[in-house]
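Look at the two complexes coming up: chain A is in both, with chain B in one and chain C in the other.
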Partner chain A sequence: MSTVAETSAAATTDARKAGDWLLVATALLLCIWVLLPIYLLIINALSSPQDVTGFPKRFFPSFDLGSLAFFINFAGVARALWNSVLVATLTMILSIGFGAPAGYALSRFDFPGKGVFRFLVLMTRAFPLPLLALPLAVMFIRTGLDDTALGLALVHTTLALPFAVLITFSLFSGIPVELEEAAWTLGCTRWQAFRKVILPLALPGIAASAVFAFTISWNEVFAAAVLTIENRTLTAFLLQSLGESPLYLKFAGGAALVVPALIFIFAVRKYLFAMWGIANR
Partner chain B sequence: MNGKALPYLLLMPATLFLCIFFLYPFVLVAFEAVTRDGVFTLDNFRTMAASWKFPATVRNTLLLAAIVVPIQLAMALLMASVVSRLETGRSAALYIFAIPLGISDLAAGLIWLAIFDQSGFLNTLLSGLGIVDRPIMFLGYQSKLTIFIAVVLAEIWRATAIMMVILVAGMGLIPKEYYEAAEVFGAGPWKRFMRITLPLLRPSLQTAIILRVILAFEVFAVVAALGGTNLPVLMGETYNWQFTLQDRNVAAASALLILAMSIGFTLFFLRVLRVPKEARI
Partner chain C sequence: MAEIAIKGVAKRFGGFTALHQVDLAIADQEFMVLLGASGCGKTTLLRIVAGLETPSRGEVWIGGRRVDHLPPRDRGIAMVFQNYAVFPHLTVFENIAFGLRMKKLPQADVERRVNRTAELMHIEQLLKRYSGQLSGGQRQRVAVARALAMEPDVILMDEPLSNLDALLRLEMRAELKGVLAASKTTTIYVTHDQVEAMSLADRIAVMHQGRIVQAASPVEVYRNPAARFVGSFIGNPPMNFLPASKAANGSWSVAGLTLPGPKLDRQKIEFAIRPEDVDAGDNGLQATVRVIEPLGPHTLITCDVEGGLFRAVLDSSATVAVGDRLRLAPKPDRIRWFDPETTNAL
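Moving on to the complex of A and B:
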């Protein structure tokens, strides 16, 4: 009797072990699927132009900075990099500046029209927003915003603002309103209570959503390509030179796009899931 | 300050911004699509549909979405299940799976170009294994099928993360007790997944599918990087009408078509995957 129980127990542990193995193997395989292509791009970016256009390829980088040097010195690249940073920074400031107060209002007040505003924010999700760059191109020519960093940043803000609103909404909702009320009873004004009690607690999360807004703008291609001519961002520059640029320029450019994005995502990894989980309710 | 007015004051910047840069351009693009020189006409749509590329454009876009989205859904479910059952290395796996979330579609296209290019890594592997004698031209104008496959792979690689993150957040909301109860009654892992996870995940599945389908209709830079003009898609043609052919009105008509498709599919999935109010957790 007891032997039967033991063998069946052993069988379940065996099955469990096999299951664990399968789980770990699947996880590893999926990690390789994600990381390998990035590694291959990095090999190309860190190899000399001759290696990049040569065949067969080696599966290790030769750590030659020729491709990257060619990329940086290529006419227009430095300026495109600068424009990308500028537009992304403006987008970050605009989306947090407009989004955080709205997120705070949604988390702290009940008022008529709250539902309408939430609907407006959620509605932006059902639209391919970069397309709105087309009509805006005309509007920008009339207002002198065409081909400027600010004009493009305004379009990128429509992409980033809904996230900023929903993320800050969830952030402020996570901070007990009692803390604020305690500050009021101790004589703080509403603004002082916010600045001295709430803001320090919310700051890391706000910084994370700012980084997120930066990344959205940094990566955006379509609107950037439509709205900029002289002041092209890096994505617009790379897209428009796809036809004529040599391979090593493309790969070095790709790496220049990917590496900062990797750092940004790493910086906000703690908030990534909270953001998306709540941003989609 | 009047307490009643405060929430509205806080919401005002974001609301005004969305009205000017989201609702207004939307009206504008619809207006531009159905007029030419201020006169109402459907000629823009006729011009768009009469282009010899148009049928292929629509077909490619829909086919890409139809192939990519189901595969991504399955992979995202697999990733989310793996992550939720992993005991060690959970956060590392999560971060790695989420990396493509931060990568631009243009960069993703360039990453897969490094693999599929004639002097790329796939050809190196194939010739190293002795499968081919000479490097194959995967992305030439005569190899539409391999371009299509490359785009499918790049899209799956790039945009599965967004679904995975939404599903992980959704799985976190399912009460553990349900699984424990099911285990007590002898339900195996597969049955638990089919009977508990999938039904209770419906709201997250809905969001993930809608978001992904809309993004699939917006596919642009990946195709531009891998196929150039050999694989026309709707967003790319819109860009062409605006930029190369300099016809704003037809570009607007094309944009309106993408918008209409996005809204149509959003409504479709909202209805098909409807979650009754009582069934929410």
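Moving on to the complex of A and C:
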């Protein structure tokens, strides 16, 4: 009797151990999948040109800033960087400006077509950008929006807006409506209650959603390449000019693109997790 | 002076009618409890008075002023919410001061009123804390202090004690009663807890399925339920009901017992008696004991009377055993009669 119990207990322990191993192995594999390219990118960006092409590879970079320095001084990089920041900032302002009110409305009001509206917000992500970019390019040329920061920011806003709406929606939904109602009974108008109670509580999340919009625009390359010629953003510029550049310059350019985005995403990870329904920790 | 008049208020949510035609008058400084099971419309009614919900029909008057078209801030009310709704980004002091700052009172007045209400609610040592650093009971106190500091005409409370543990609830109940009586504020208090309602209220409005069934003093509601529902909802254990059939004009036969009752031109009505209003004796309702529950001061027995359950509270010195056949004599002045069709008292 007791032996049977022990064997079955041992069997469960074994099964659990195997499950644990599987979990750890999968997690490890996924981490390597994501982190290895970033690791190689940074190693190579921080190594001297000789090390990049040489073999065997070093595990630690030589912290030779030669490639990066050369890259920064490369003609057009500074301008492209400025364009990227400008477009990303505009995108951020536009997506929060439109997205946060929409998120608030979705979380607080019941209106006809609410479900459809939410669905449509998501549906905007269903159209591949190449499908949109060419008609847009034609339209932009007609309206004079082509090759401007605003025009590109508008396209990036359509990409970032669904996320802005959904993040702020979950953000506002997480703030009990009673707090707002309490503010109303304590003498606030709707707007005052929002400004004095909801906004201070939602601000960190709104900032996170803004940073996310910034990152989306920062990383976007297709629309940027199609819709701009003179005023290229960093991604479009690199796509165009680094094709023929030596390997070490490509690594430096890649790092210049990836690192800011990584830092931003890391800073706001808590809110992105919350949006995707993972426990907020 | 802030009497409240609710006139013909109805509320529909889509196809669901939460309130049918509710009329209720509440006197100045009265403590009115809205009591009912969940979903009976009591919170909806409170929110309509607060201005957080718009009535589909009807009028709300506070202090002789029609307010149903006014936003909450213009109604002279303050509200305490079930989950307290203490602002997490403000200190306790700023929470209590919130409404006063909205009124643009001078800083000295704000400080005076915050300190006074904090003292009243025994939270003066918590003024610098944030809501995250408070226990449930302390948050409750902050919410009440925030409402009192407004010196409103009317305080509205939505199940304010339901999230507290039993002991704390008992303590806060007594304290609330004292504080609110001293503040001379008209109060509407929503609860599903009949003990809370009985102990706090000047008057209880018992609600059922979107209607006020009875609005009367706690003792009146307990002794003279206006409808069968009130008798079965209030009292623990609830009232006993038995069918009665006509024996002669003005006398009714109940479980083999003939009792004097209302003179009516009908064959069947319902007899009702509270469990504590029967005595075990030689002459009474024939009952077979099923369950005995000694509760200390008295003993609760559950018996079979005419195939139905019947509860009686007997003195704990009574010696009964399961299976005993008892005669339970109802006290004549405590017998109530109900119309089985309308369920109203006769």
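Quick notes on this one:
In this text, the second predicted complex is superposed on the first by the 234 of 281 C-alpha atoms of A that agree within 3 Å, B and C clash if a C-alpha of one lies under 4 Å from a C-alpha of the other, contacts with A are read in each partner's own complex, and residues count from 1 in each chain.
Definition applied: a residue touches a chain if its C-beta (ideal position, glycine included) is under 8 Å from a C-beta of that chain, and two chains touch if they have at least 3 such contacts.
None of these values were measured; they are calculated from a predicted model.
When chain A is checked against chain B and against chain C, the one touching more of its residues turns out to be B.
Applying the stated contact rule after C-alpha superposition, one finds that A:Leu201 touches chain C and leaves chain B untouched. Touch criterion not met for A:Ile93: it reaches neither chain B nor chain C. By the touch criterion stated above, A:Leu186 is placed in contact with chain C alone, chain B being left untouched. With both structures placed on the common chain, the touch criterion links A:Val85 to neither chain B nor chain C.
Once the two complexes are laid over each other on the shared chain, residue contacts for A:Leu65 go to neither chain B nor chain C. According to the touch criterion, chain A has no shared surface contacted by chain B in one complex and chain C in the other.
The touching residues of chain B, counted against chain A in their complex, run 1, 4, 6-8, 10-11, 13-15, 17-18, 21-22, 25-26, 28-29, 32, 78-79, 82-83, 85-86, 89, 91, 93-107, 110-115, 117-121, 123-124, 127-128, 135, 157, 162, 165-166, 168-170, 172, 189, 203-204, 207-208, 210-211, 214, 217-218, 220-221, 224-225, 228, 235, 238-239, 242-243, 248, 251-252, 255, 258-259, 262-263, 266.
Within the complex formed with chain C, the residues of chain A that make contact are 176, 178-179, 181-189, 192, 196-197, 200-201.
By the touch criterion stated above, chain A contacts chain B in their complex at residues 19, 23-24, 26-27, 30-31, 33-35, 37-38, 40-41, 43-44, 52-57, 59, 94, 97-99, 101-102, 104-106, 108-109, 111, 113-114, 117, 120-121, 124-132, 134-139, 154-155, 157-158, 161, 165, 190, 215, 218-222, 225-226, 235, 238-239, 242-243, 247, 250-251, 253-254, 257-258, 261-262, 264-266, 269, 272-274, 276-278, 280-281.
Of all residues in chain C, those touching chain A in their complex are 50-52, 71-73, 77-79, 81-83, 85, 87-89, 98-99, 102-103, 146, 150, 156.
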